[in-house]
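Consider the two complexes below, in which subunit A is the common component and subunit B and subunit C are the respective partners.
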Partner chain A sequence: MIRELGLNDIVYLLEASRWTVALALIAILAGGVLGLIVAVLRIVSFKPANWLAIGYINLIQGTPLLGQLFIFFFGLPLFGIQIGAWEAAALALSINASAFLGEIWRGSLQSVSPRQWEAGAALGLTYWQRLTSVILPQAVRISIAPTVGYLMQLVKDTSLTALIGFIELTRASQILSAATFKPLQVYGLAAIVYFVICFSLSRLSEHLEKRTHAAR
Partner chain B sequence: MPLVEITDIHKSFGKVDVLKNISLTVEKGEIVSVIGRSGSGKSTLLRCINGLERVQSGRIVVDGMEVTSPATNINALRERVGMVFQSYNLFPHLTVERNVTLALKKVRRMSNDAARDIARTMVAKVGLADKLGAYPDELSGGQQQRVAIARSLAMQPTMMLFDEITSALDPELVGEVLKVLEELAREGMTMMLVTHEMNFAKNVADRVVFMHQGNVHEDGPARDTLIEPRTPELRSFLSAVLH
Partner chain C sequence: MNYNFRFNALAPYTGEILRGISLTLQLTCLTMAIALVIGLFMALARMSDNRVLNVAARVYVEAIRNTPLLVQLFIVFFGLPSLGIRLDAYLAAVIGLSINVGAYASEILRAGIQSIRPSQVEAGRALGMTAGQTFRSVVLFPAVKAVYPALASQFVLLLLATSVVSSLGVGELFHQATFIDSRTYRSFESYALITVTYLVLTLGFRALFSLVYWLVFVRRPRA
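Moving on to the complex of A and B:
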């Protein structure tokens, strides 16, 4: 049964995009916390911690996100762990984000001049105080652009979760397209929604960069 | 007892011996200029004193604390030994005031108000009272370096180390920084400075240490040593920097 594309359908797409945003937010938050740990493990002067972080980053960055989604969605039930599409999607995206954000932030931390570490040391600050009060705030500034760039990627990557049946923007578009047989209009609409989300992120990035002071 | 007691230290970076069995003492209140060609080890010597560089052998005791002992809390030592760098190294993300208050609050655990009071005093002392709210990138090199000095002084150090602090400055900005040092000298601060400012070394410092190829080659009263160098190495160094 083929029907026309109406206002209801647009509302349906927008409602589905809530899940795209929710999924991206969870991945940013959980992946962000985890990513910070990965970044710190990567730079502390303790070799086993470095190796652990490097291994983790290589494993996650070197395998496709879709494969990670499948492993959680189809793999965990094999071990008796029941998991829904939503949980599997959130888990896979968070872990994926943690590796990429961890590596971006590691680079940002290391791009702050070693002289800043020294200046902190010369004032008697402990390693942890130097890291949190001197290095991190400067690294944040450096990391804004690549972080937001990755977040835009992440927003679009949430579309892969359609393949495990999670109904977000892309899956909703598939359903709608099948019902109306107007793929161009439907996917065009979906593309606009993705664009609006990503464009907002890019404006946010510009705003944040203007607000922070850094070495020039 | 001397404030700084360096006994037979040796330091190498890989195969390069940077400091070769150096012994040196600095008395409280003394102002010592360390001069020498680049690569002679003078900056490394200074950096060993507050533990920014580790020595391979020998002993350094500062204000009763043994820098070279692994048991020493090196951060506690660095609170007492201020250091100012060639490249200022202010924290670019913080205002002048917060550059100065950071260590007071974090290390000394002072309240905001107490730390701010000290910051105001110290920044005024280097003549920048009107710049408390400025960020480092809004200041000239000379102003940044004065803030760096204020930041260090705020910790009320027992002594100060200055590592070529005027070398990165435009010539017309050197004077304002040296003036701050002269003021410190009048107050009796113990200072060790690596410098290329021979006039300053001659007129303000008590003593000059000339380093050559990782050794202390000459060590004596500032004026005499600079006017009548005993060794041909110092003579040739001086004629190179003065012309």
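Moving on to the complex of A and C:
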């Protein structure tokens, strides 16, 4: 049954893009918690922890996200954990994000000069006080722009979850394209929706970066 | 857990995996070469005084960088036939990937070109170097050194990104996992093995690129 592309279909795509956004938000939150652990393990002065973090980052950044998605999708049921495409997608994207966020935040923490630790100590601050009131406020400010930039990357990455059958924007376009037989218009429309989301995020990231540098 | 992992069930498919690796490497190298040419032209267009060229290059880079590769591939492979442009899966993959990576390459190359200041050339000429010597040692060598790390990591990213074209039916490495899965019903083993194969490839290329960097730029510094 071939039918025309109508307003309803555009609404259908927009509704499906809610899942794209939801998936990206879950991945940045869950991946953020894990990523913080990765960043800390990467910089503490305890070699085995550093090696563990480096190994983890290399493993995740050295394999395709598509492979990670399929491994979770097919692998977890073998351990008796029944999961659907939605859970596998959220899990794989979060773990993937944790490696990238870990590296972004390690960079932010290390870009605060070590002299500031010494200055804090000279002022008689405890380790905890130095961390929370001297180093972290600066590191967090530096990390905001690249983190928002990475969120835009995540939005694009969610498109791959279509290939394990999770119905987000790209999978919805595949379904709509099959029903209307207008692939160029449908995928073009999907591309426009992605563009609006990602372009806003990248402009926001650029704006935040300029502001961070202006304040310093 | 009472599942018996049987990786040896995949052993008869070594030939398919090797074919997949070879096609993945071929796809990656071909795409990288085309993307560098596109990237160079786009970088030059972006820096030119011609407003039309400038805007066109900007639109290209922003359009590509803000949309997912998978959707770009679908537009090329499934969308273009409705305009009468019919491509086979491999050609569509090469075109889609090259257009995608070209946008990223143009930004890297632009940064590299802009890292060379005109005063450097003047300094080279003032030291009595010929125009050729100046170009080689003062312009080209530092510019290549500046862009090399970013291009090397772009190459590795591309190697991983080629897995996405398996969805068009190109028989590269990731597609072989799907094929072996369909023959053996050993889904987890198939995808795990192929994913580890990618890891070996990326670690190998990273080591190779580091070695080349050390040999060319560190061991005998000229810049």
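Annotations for the structure displayed:
We adopt the following convention: the second predicted complex is superposed on the first by the 202 of 216 C-alpha atoms of A that agree within 3 Å, B and C clash if a C-alpha of one lies under 4 Å from a C-alpha of the other, contacts with A are read in each partner's own complex, and residues count from 1 in each chain.
Just so it is clear, a residue touches a chain if its C-beta (ideal position, glycine included) is under 8 Å from a C-beta of that chain, and two chains touch if they have at least 3 such contacts.
Everything quoted here is computed from the prediction, not taken from an experiment.
Contacts of A:Lys156 after superposition: subunit C is touched, whereas subunit B is not reached. Shared-chain residue A:Ser111: touches no atom of subunit B or subunit C.
Shared-chain residue A:Gly80: touches subunit C; no touch with subunit B.
When the two structures are aligned on the shared chain, A:Phe70 is found in touch with subunit C, with no touch to subunit B.
Residue contacts after overlaying the shared chain place A:Thr126 against subunit B, while subunit C stays out of touching range. In the superposition on chain A, contact of A:Ser177 is made with subunit C only, not with subunit B.
Within the superposed three-chain arrangement, the count of touched residues of subunit A is higher for C, of the candidates subunit B and subunit C.
Overlap of the subunit B and subunit C interfaces on subunit A: none, as no residue is touched by both. On the subunit A side of its complex with subunit C, the touching residues are 58-59, 62-68, 70-71, 74-75, 78-80, 152, 156-157, 159-160, 162-163, 170, 173-174, 177, 182-184, 187-188, 190-191, 194-195, 198-199, 202. Of all residues in subunit B, only 50, 52, 75-79, 82-83, 85, 87, 89-94, 102-103, 106-107, 135-137, 151-152, 155 touch subunit A in the complex they form. Taken in their complex, subunit A has these residues touching subunit B: 113, 115-116, 118-126, 129, 133-134, 137-138, 141, 212-216. Against subunit A, in their complex, subunit C makes its touches with residues 1, 3, 62-63, 65-72, 74-75, 78-83, 156, 160-161, 163-164, 166-167, 174, 177, 187-188, 191-192, 194-196, 198-199, 202-203, 206.
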